[in-house]
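Presented below are the structures under discussion, each in the form of structure tokens.
What follows is a pair of complexes built around subunit A, which joins subunit B in one and subunit C in the other.
And now, the complex of A and B:
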């Protein structure tokens, strides 16, 4: 069997003796660690070695975590095709994995491994040294078998970074992690989020909701008529961002420069043509199409995105937490086409569009593979994790 | 048919910030190649751009200096094109939400009327790398120098308000003055800190149609901009007259041929909002604070000079054109030099001397205090003008106050009548013919006698005193003699 880690340091390094002392954290090759290969799963970056630590990698080390290596990832973390995210935790080779989450990859990888997956709020973690494809949507997600580990890691690595101006200088106020009174807990359920689930998954998710009601919490039915527009907003905005931002992965200064070109224009075209795999390439083509031929549609998608964010904010403000199903909607095929890839992440990509935090709890047996996905307003990561812990324990701590 | 040109300018100004626009590398593009680079300005994977506060401030000051309106919200876009001078595939620029809109400069029109040439908008952008083409034996190679990559620029885009090459040149001179005033850039076309592209079209005089334009680049002085525009107007007019269609393209000015030649177009794609650099929100307080730091601008200063120092328009415009000159002039006034004398000596003596020595006014050893000291001695008749000019030359090379130099070198002027009495008697005794000429009414003999007396004094006598004494003596003698 293929070795789980594509890169393992000669000696696992931890420089600090802090709160994460001895914790083993696996990374993907898109998170820069000085001297480690950082190809982000793409030939366009073949043999590129990071020059300096990503802020979050440096903070993990300082807190005492052991960076134990990188695992195979899909090209730029886009989708899960070819990715082994979640396996290191499932096999016990790591206590936690950092998995780039562009559409829900960290959460579905967790579901696949029957563990916890968490995507922090956008802006909670520094982007410095993180190689990705869709800057306004992606974020390092966490996969772990222990809910406490998520909170500990978040404590150690989150927060302002003077090297990343896109982060708020002051972290958004995170509601107090105070005691939780089950009888006063209101959990919102977005009816439209259940559309597209098969009957088993729908029944399974309703069963999970029934179990939550038994803990004394109140369920509130909410309506989000435009919920079905999330994939469209994600795809149009994401593809355009990817197409423009991937320009820097030129496969000329690093990666594999294509041989035999007559001049530099030809060399650039050939190298870029050879660098990207079919899935990313079709995504970049799509982005270029909107950028060059349908700019108005891109602007419309940006407006739709703003509307979706505003609506989600209003719904989140009405409740303590929102509950949505967490389902891997992979079809029977190999899920390597753009359409299949988007279909697969139909239940998770909303949080990448809005930037809100999302926590996936593994499904209970007999719930048709539908896990519970909890989400809150952007910035409410701490409270969300506390509520997740409460609800998980409420069902007897069963996976 | 009479033709009229429609001209708009796009002016890139490189800001004189200490660092590049999105990283901490020094902003010194001219240093040894690739010495000021980092993962951010090389655009390595994982790098995050951080907009420099100084670049934003200098750019905003420049906007205020051009009477433009700073926008409360502006943002960076990715301007997509592929070329080895931009290996990340896009340039960070402000396409949809520029830093400022509006603004303009008033220039003296050819008819004597003032004409306002409007600015459409001003935006910030990063410079790209520099390509160096060389031969390695017989193999042509291209090298990329990233020192300039990420250098802070602003682009000033005008309205198509210009009709003549002359207007474009006047506008550029006035723009340069203002940008220098706010301290945002040296703004020199010769050293590349100001780069100008001109968009030119022609139409029948009196028409308000906008015809297909041609872009002209590669001028490296304001004079070349004028020459290139004049050439392009003539070329297009002739083409239209001959029934040829003008097509949209870019031409390069060739200063040797004194002609524009077509160039191959660089592919340019669309602009999409950059998702990483935060949106720039300028508060009213921030803008007010910046406005408070705006120096007195040249037109206002010239008016004040005319009112306070009784200078004419031309003199005031000359003195206020460069902030260093204006500052020096006012420093001389503060030293107690009369405005007219300060103006005269600054323009006819000091500035030519500074140019000749290839230095700068604010770097030369003749400080306002030293020149002021010299001019005050001149005003008090302690030295004469000839000696003052000589001492000025010495001030460039010698330390010490002008008073000390005058003393050491014996330039002091003799105005003491007792000391000059004998000298004048000697001259009169030696020049009986000139004395006789004067007495017979030939006034110019006086000039000759003054010259003789000055020579006898070794140039140190005060010519005013000599003239008075000679006049008195000759008048007295002429009464006695008949």
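And now, the complex of A and C:
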């Protein structure tokens, strides 16, 4: 078994003495910490050492957190193949772990470790210094055994970063609290989100819903006929963005140079051919296909994405929170294949397409491994966390 | 109109007063004094004022004259008269006389011109319309109007005089002018060729000559002994401000001569050419070896109009405690400096530290620059306290310092960085401090260039061309050290920091030539392919010979002191190698391409990527520049098939919504309160730390094309 951590600093110290004082936070090697190895799990960045702190790493340290190391990750954080995300928290080696969420990685890692996983709204966290793959969908997610920790970290690291051009200039997020009246709480359930779950998981999720109803909340059945298009939109858009994003791995500024190339083109072909693993390479080839041979399909996927976002916004506006199943749909096939990777994240990737916040609560015993995933309109992170705490406490705080 | 009687405007003098003359030319400018009309009439020789006076000129002539406008082409008849005292015009040579017109013929009218042609004011002390600067492209588009200006005409006439002087002198020295072909083979000059497609041999190309190098040497083998040509040459080089894609060079070659012959000949010739511009060149010209030039000025074309020579002070600091110098010397570096005498008033602490040390020296490639001002017998500097009294004494003596002097020094592990940066600082300071005398001309021969330069892969390449004779012939072509120590028998003529020309004694011995090719790593077959026809000639008793080429556009421009070489060329290309007058270069008809067999050229040789066009996986691999192993092909075929399915599905379900590319649109914005600046990570070199291959301060990459 390979080590859980790929890098542990000799002396882990915080630079500040703030609200996160003493909290141990694990990162992935795609989050820049000056001087730390940051290969993002890829040979395309072999031996790369970060030059500067990522904005969120710097803010964590300033708030008093101790960055305790980086954990083994999948190539560019895409999928969970080869990743040990979630384990540091489960083993108590860290109080929280930052896991890049491209299609649900932080949430499924949390589910696997039976802890909490949270993907903030797109645009809440600076992405400066985070080595990613799908710029319009990815976001640093949080894995932790304590819901309060999520809120505290979010407080410390979220917010405008003038160095990150991709951050939208949006008004401050929602007020977190305000009293929660259980009898007036409406929770939406999207029927189509249960399709594709096996019988055990369906039954488990219904059991979870029944427990919610007992807290006095009203369940509202909602319809989202095109819910099944989320994987399509994600894969087409994601592959194209990944293909563009990976253009920078040229074996010139970083990475390894494959020997013997006679010219520039050969240098690219050989070095890049050797750098990417099968899963990422498959994805990049699909991206090239959409970009260079079926550009219309990319645009079509962006139209579909537009419709999916609008529909999700309408549904979220009708209720306090939406409840969806959180399930690791890992098939029995080759976990490293592109098809299986997408199949596995079928329950989580909607939030990456829409940029919504999504919180996964650990499954109750006897629910067939189906956790509860709560989501709200983009920007409603604080309220979502508060409602998550309410519902989790309502079921007696049981994991 | 009897033009045979015509006299030139500019040649009229007070001695012609009373004479009836016929003049013809252009209306340069006119002034109407209430019926009394004064016109500046201009022809090639100059300008004379002609007067239409209602008191003496017929009424119908005066009426016709009232319609005259600038640049009308006219002929007049009239009498030469002295001007009234007080109305003389010092701006024109005929300013003391004028011609009272009796007859006027308008030969051709002119539309209003796009810019004023006139350069001469009509009355003493006045400005002319033509004194405003005109956009150069407009001047080039209407070059025929531009050439009417006396200054441009004067440039061309004097260019002609200089060329005549060259021809007469060389003819007297027994040189024969021979024309060499324009349609020829590519020659080894190193720049890109202009190619001319052959219709008869479809798919084959002539090259326009970059220089007549091979032909002039063949003329020597052919026994001409002394040849010259004012040759048009063509180089498709990257655009630079003072360069033309076609240019004229004085090309010259002689047999049974040595370097001294060339020096004597060219010095005499150059002195005569400069004399046309009224410039006397001191002879003999200075001579400097390449090594000396680099050591003392940091340039192989040194500007010797001012001092500011380098002084080496490396040895003064072998035991220094100043850590920066210490580290540099430990890494085999050197330290050189310049004493800028008596300039400490203009070079304040602030200027030296904040401008030169922080900004200017780094922009010239130096990591830093050390400076010291000498005031009251003491050195003043931000680092003087790090130097020992012995070191300061050493500097004082080495530079011979006096109060008011400023020392600057550059230290670096790399010799070339030191001389290059200090050389650029030398020029920068000279111009800033006004140390460059305007009317001084300092010709110098630069000699003993290295014959070879090292290449990246450990070999050597010719500094000039492979036919240049080495200073000795006993070298070992396999010994790189030995090869790099060779000097060439070449010489450059440099005036005021500009290379006017250069040449060399050539190799005439077959065996030496073979050794040179061997040193360059060229095999028998490759040599034959590249230079076969040329080398064959040397199998038949080639005489010892050598020669030189002088850039005539550059030389004339320097003699006439024009701001660019375009001012001394009748129809030059502009800065982007285009001709605004004719519109060249231009697209041509498909039929013309077809006739030349150029339409399907691309299909014959595979361009990069062509081979990948057929197979869908190869194609994706190519466009994304990601290679794959044979055993990855089935996987990639499967993902491509899946992508096709997804694309079909996406197309089917697209709908009509506007596409979105992000869920949280970002307005373009600037980081508040920041200005563009180099990243500190680039400046301290840390950006390079993760690169797989680095050379100096750059990322190292494979060559762009084979």
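The rule is short, and it goes like this: the second predicted complex is superposed on the first by the 390 of 399 C-alpha atoms of A that agree within 3 Å, B and C clash if a C-alpha of one lies under 4 Å from a C-alpha of the other, contacts with A are read in each partner's own complex, and residues count from 1 in each chain.
Operating definition for what follows: contacts are C-beta pairs under 8 Å (C-beta built on N, C-alpha and C of every residue); 3 or more make two chains touch, one makes a residue touch a chain.
All of these numbers come straight from a predicted model, not from anything done at the bench.
Superposition of the two structures on subunit A leads subunit B and subunit C into a clash. In the superposition on chain A, A:130 makes contact with subunit B only, while subunit C stays out of contact range. When both complexes are overlaid on chain A, the residue A:52 reaches subunit B and subunit C alike. Look at A:109: by the touch rule set out above, it reaches neither subunit B nor subunit C. When the shared chain is aligned, subunit B and subunit C each come close enough to touch A:166.
Once chain A of one complex is fitted onto chain A of the other, the partner contacts of A:319 are absent, as it touches neither subunit B nor subunit C. Of the two partner chains placed by superposition, only subunit C is touched by A:304; subunit B is not.
Of the two partner chains placed around the shared chain by superposition, subunit C is the only one that A:339 touches, whereas subunit B remains out of contact.
In the superposition on chain A, A:253 contacts both subunit B and subunit C. Looking at the superposition, the partner that touches the larger set of subunit A residues, subunit B or subunit C, turns out to be C.
By the touch criterion defined above, A:286 reaches subunit C but does not reach subunit B.
Once both structures are laid onto chain A, the subunit C stretch out of 170-178, 224-232 or 674-682 that overlaps subunit B is 674-682. When the two complexes are superposed on chain A, the residues of subunit A that touch both subunit B and subunit C are 45, 48, 51-52, 136, 163, 165-166, 252-254, 264-265, 268, 291-292, 298, 302.
Subunit A makes touch with subunit B in their complex at residues 32, 38, 40, 45, 48, 50-52, 54, 127-131, 134-136, 163-166, 240-241, 244-250, 252-254, 264-265, 268, 291-292, 295, 298, 302.
Within the complex formed with subunit A, the residues of subunit B that make contact are 39, 42-48, 50-51, 78, 80, 82, 84, 87-90, 142, 269-270, 272-273, 275-278. The residues of subunit C lying in touch with subunit A in their complex are 608-609, 617, 619-629, 632, 635-636, 639-640, 642-644, 646-651, 653-667, 669, 671-672, 681, 686-687, 689-693, 699, 701-706.
By the touch rule above, subunit A contacts subunit C in their complex via residues 45, 47-49, 51-52, 122-123, 136, 162-163, 165-170, 226, 229, 232-233, 235-236, 239, 243, 251-257, 261-270, 272-274, 276, 278, 281-294, 296-307, 309-310, 337-339, 354-355, 378.
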